[in-house]
Amino acid sequence: MDQFLQHLANALIMGGTYALLGIGLTLIFGIMRIVNFTHGELYAFGAYMMYFFAVVLGLNFYMAIAFAICAGMVLGAAIEYLLLRSKRGADIDTTMLIMIGAWIVLQNTEILIWGSVAKSINSPFPIEPLTLGPVSLSSVRVFVLFVALALIAATYVLINRTKLGKAMRATFQDSSTAALMGINTSAIYTITFGLGSALAAAAGALLGPVFVVAPAMGDLASLKAFAIVILGGLGNITGAAFGGFILAFAEEMGASYISSGYRDAMGFLIIIIVLLFRPTGLFARSERVG
Amino acid sequence: MSRIFTLLVLAFFLSVPLWLTDQYYLHTLVVCGIFMLAAMSLNLLLGYTGQLSLGHVAFFGIGAYVSALTSLGFSVSIFAYQITHEPWPPVIGVVLGGAVAGLCGYLIGKLAFRVRGAYFVIVTVSFAEVIRLIALNWIELTNGPLALPGIPPLTLGFEPIGYATLWSKGANYYVVLTFIVITYIIIKRLIDSPYGRAMIALRENEILATSVGISVTRYLVLAAVFAGTIAGVSGTLYAHYIQIIDPMIFMFLNTVTMVIMVITGGKGTLAGPVVGGLIFGIAPVILRNYVGPEVQWILYGALMILIVFVLPEGIVPAIERWFSRATAKSAELAMEPGKGARS
Amino acid sequence: MTSAQNTKAILSVENVAMHFGGLIAISDMNFHVNEGELVSLIGPNGAGKTTAFNIITGFQRPTKGRVSFRGTSLAGLKPHQVTSLGLVRTFQRTNLFDKISVFDNVLIGLHRKTSARLLGTLLSLPRERKAEAELRDQAWEILRLVGIEHQAKERASGLPYGDQRLLGVALALAAQPSALLLDEPVSGMNATETGRFIELINKLRSRGTTILLVEHDMPMVMRISDRIVVLNYGRIIANGTPKEIQNDPEVIQAYLGQGVKHA
Amino acid sequence: MLEIKNLVCRYGKVTALKGVSLKVPANSLVVLVGANGAGKSTTLRAISGLVPAASGSILFNGEEITGRTASRILSLGIAHCPEGRRVFGQMTVLENLEVGCYLRKDTALIRQDIDHIFGLFPRLAERRKQIAGTLSGGEQQMLAIGRAMMSRPKLIMFDEPSLGLAPNIVSQTFDIIKGIRDAGTTVLMVEQNAFAALDMCNHAYLLEAGSMVLEGPGEKLINDPHVREAYLGAGLAHA
């Protein structure tokens, strides 16, 4: 039982960052219908930016996180503006090929700049774990969970309560009518892509100090993000948040009770099972943005 | 006209080992040919049925592992049963590898074609990743990350004639070339038949295709079986040629390589994967003298984006169009000015 | 009216209703088409014509009621199975295999006529080569019938608009229909193109093809129909000859609205 | 107020408008009638910048607006209430109205205008927190009209406001549109329900296959046999 509680706590902490990844991708893939293979790369980018700001430039840890998130937003918006804007309305294959190309370029640029050796980032948190009954957690991980939850809440408020959020939802539901309302739908798409990318970068920036930063970290992150989005239902932000926690839980259980080698297989099995038996996602009935 | 051209190209490739003495270049061509074969099979799905299958490397790797294990033998225990297999000749491995990969094509096709578009892509990628993780973790069978070394090279021949084992690169070159020619003919016949037309119809307009009586799943699955089998066979050739395989064979980048070959050459054309395969088989050899692998990949990625923007149909259709325009122009000069060829 | 009373009926629509959530697209629809007849289904925008058409062709399943063709119920059949019964449709907007040649379009349309076997195809056996040659002959025949044989080598998308619509019909004809369902075939055509289209329809009728037409072009509908079925707010408000329909007050009201005065 | 000269629009190979000219004077209600596919909706979409004009010009208060973006045209004072209502089905009634005034900066007045709309349509006021997709067809039409009014337009265009609505709701909708005109907003309306539209308008145009074939005061067109022919086909009816 104690063991189980510990796993649950671990899953909760990973789930927060998975939820960020998933919400970011559900905006891009679920709503804009871009099969975004660069999503994981933006996650890796966020981690590298964290390394750059916190270690190379020696900035304050918290400021470095904020800068890394902003950098992710800028890169994401740039990708949309340069590569996707002129292809809007093109079939899904076309944009997918562009995104695969962009993924290869981004990943290898990272290797070129930072080398293939993993980097580590020190956090200002004490090394001694926090103990809560049978569960012990490192304080940096608890910090990560809280920041992730705050970012999820901020995204929710942005989309549901602000004028920009209303314009985004109007554009997703019916872009030509939204244009009739005076909304610059092109700009909305760029902003949405930037926002989704910022969330991926946030996940990377937060996990960078927990694990290490390596060029290949993006590959699995992309596919896991797809699993989360599919689990939650396309374009469903609440679904993606839950999807993130479910995936983290499935991985934790898979790793501890089946075999640690199959931890990463859980996401793929979820994708295959959900798509084949419940293609609209588990949370299809709940509210949707787009 | 085009038949003569095809035969000339074939004659050229037949002559290559006669004058190309550098073994490294020959080796490059053999590997290039194997990937070209896989790209040709991917083209069936990606080009002719229009289904972007990004798990193609799974069929390639399954073929490689099945053939390697058939010819190496193995011993595993499943649920307390001990299964032991004694080594068989590599030729049987090639057949089995193709068959198992084809069967996987059938099963995955049956399942994955229940979803379309982006979902299909994600299911295929996931399938390949699951297979990779199995190859990595089922150490008893696959030796995991430690690789399967010592795979015997192909041995051809019959009892009364005697056997020839393909140790040399030249011999392997001819074997791969033979497979490419056979595959080319098979795909050509398929495409020019009602079967291939049904696949193309599904790519162009699925609803319209069903309205003239074409069954969607039947023809998509058929394409997946052919694609799986051919990719599986190319995997077996790879295993027996390189003689060592490890789970890295399932890397997503290998699928991307095949996709780039097809897209650059021209998806949905017979010659597309051949041209694309040659370019991307040979380009690394030239580029490696100047830049590192990362820069190479950056160039490939950028090229892929560029192709989508500038030459979305690929090289082969562009050349064909240029050629037909040129001939139309000369015909126009010869005869009275008529309607020029339009694209 | 039941199908029993109309022994000649080849296609019958009985008590069909279609609901989308709370919205009733079709409330209760009953009509039939006799062998060799040309029936037009008309109605103002939003009357439910497209829904009716999709139900009849098996692209949508009705909430209740049944559609039967030659006595076989279409319930639960997939579109390609409906086609194999001989009930073939065209599409409202130009719907062709755009990127391939006109001739290959028709070859694809001939899918139902193929007798090629897979292994024979791969080995290029004489039987399959003969079957392919026969298929090609039939494709030429259809192109000639429709009148676009001189454009056989063109890309489908490169044809003038009117010819694209003709090719759409050629595709449907290639699927060997005993009844042809045309969805707004002349919309967007100019007068000459419409004229050619009417000629084609007359040719098909002389070969005994049954036709159900959904169309907005009233002059054409009035000219070629044997019988017209008028749909409004998801129910049939009139069923009769063109002359009867044109003078039916309910039809006039459906089309022109409730007016204070009357012409 | 609005003047169109020789407008030509194409969708790919199909020419939808073949040189359409019309005038909408200030404070009037002008209708465009014609059979399906005549090019009525395309005309409105061209005015609001959703469809590019191949040639010709559109002038609004003397200013050339051809080629302007949809948001620029809206900010000049032309609102477009699209065919089929097109409310944002997953947003609430209130949010739909708020999106309608997306371009406005005068936040203080917006509250007032929303209250005004709710005063006009009490049924919407009762349902202000309801998701728009769950409203009935008539309520959605009210919402679409209210949303278009939220931008405080000088000219408001309605595309088939009666489409798919029950007859009693149709007459109610037409009353609202007349009310809008009477309150001083110019109206350009596309309508299939020809008799009712011609009855309520100041001036009407008949479109046939992308060309203007007839124009005049509404009561004149009502009695013109050409209108009936345009809908039901020529020949037989008079034979």
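Every chain is named by a letter (A, B, C and D) in the order it is written, and numbering of its residues begins at 1.
The working rule: contacts are C-beta pairs under 8 Å (C-beta built on N, C-alpha and C of every residue); 3 or more make two chains touch, one makes a residue touch a chain.
From a predicted model like this one, the values you see are computed outputs, not experimental measurements.
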item: Minimal step count in the chain contact network, subunit B to subunit D; value: 2
item: Shared chain contacts [subunit C and subunit D, defined touch]; value: none
item: Winner on C-beta contact pairs when B-C is weighed against A-D; value: B-C
item: Far-end chain from subunit D, centres as C-alpha averages; value: B
item: Centre distance in Å when subunit B and subunit C are each reduced to the mean of their C-alpha atoms; value: 42
item: Computed distance of Cα centres, subunit C from subunit A, in Å; value: 49
item: Interchain centroid distance [CA atoms averaged], subunit A/subunit D, Å; value: 43
item: Rounded Å distance, subunit A centre to subunit B centre (Cα mean); value: 33
item: Junction residues of subunit B - those touching two or more other chains; value: none
item: Sequence positions of subunit D contacting 2 or more other chains; value: none
item: Residues of subunit A touching at least two other chains; value: none
item: Chain-level touch network, classified as line, ring, star, complete or other; value: ring
item: Chain pairs in mutual contact under the definition given at the outset; value: A-B, A-D, B-C, C-D
item: Complex contacts: residues of subunit D adjacent to subunit C; value: 13-14, 35-37, 137, 160, 162-164, 166-167, 192-199, 222-225, 227-228, 231-237
item: Residue numbers on subunit A that touch subunit B, as the complex places them; value: 29, 33, 35, 83, 86-87, 92-94, 96-98, 100-105, 107-109, 111-112, 219, 223, 226-227, 230, 259, 261-262, 264-265, 267-269, 271-272, 275-276, 279
item: Subunit D to subunit A touching residues, read off their complex; value: 48, 50, 69-71, 74-75, 79-80, 82, 86, 88-91, 95, 98-100, 102-103, 147, 151
item: Complex contacts: residues of subunit C adjacent to subunit B; value: 57, 59, 78-80, 83-84, 88-89, 91, 95-100, 104, 107-112, 114, 116, 118, 121-122, 124, 128, 132, 135, 155, 158, 171-172, 174-175
item: Partner subunit D, residues of subunit A touching it in the complex; value: 163, 166-167, 169-170, 173-174, 176-184, 287-290
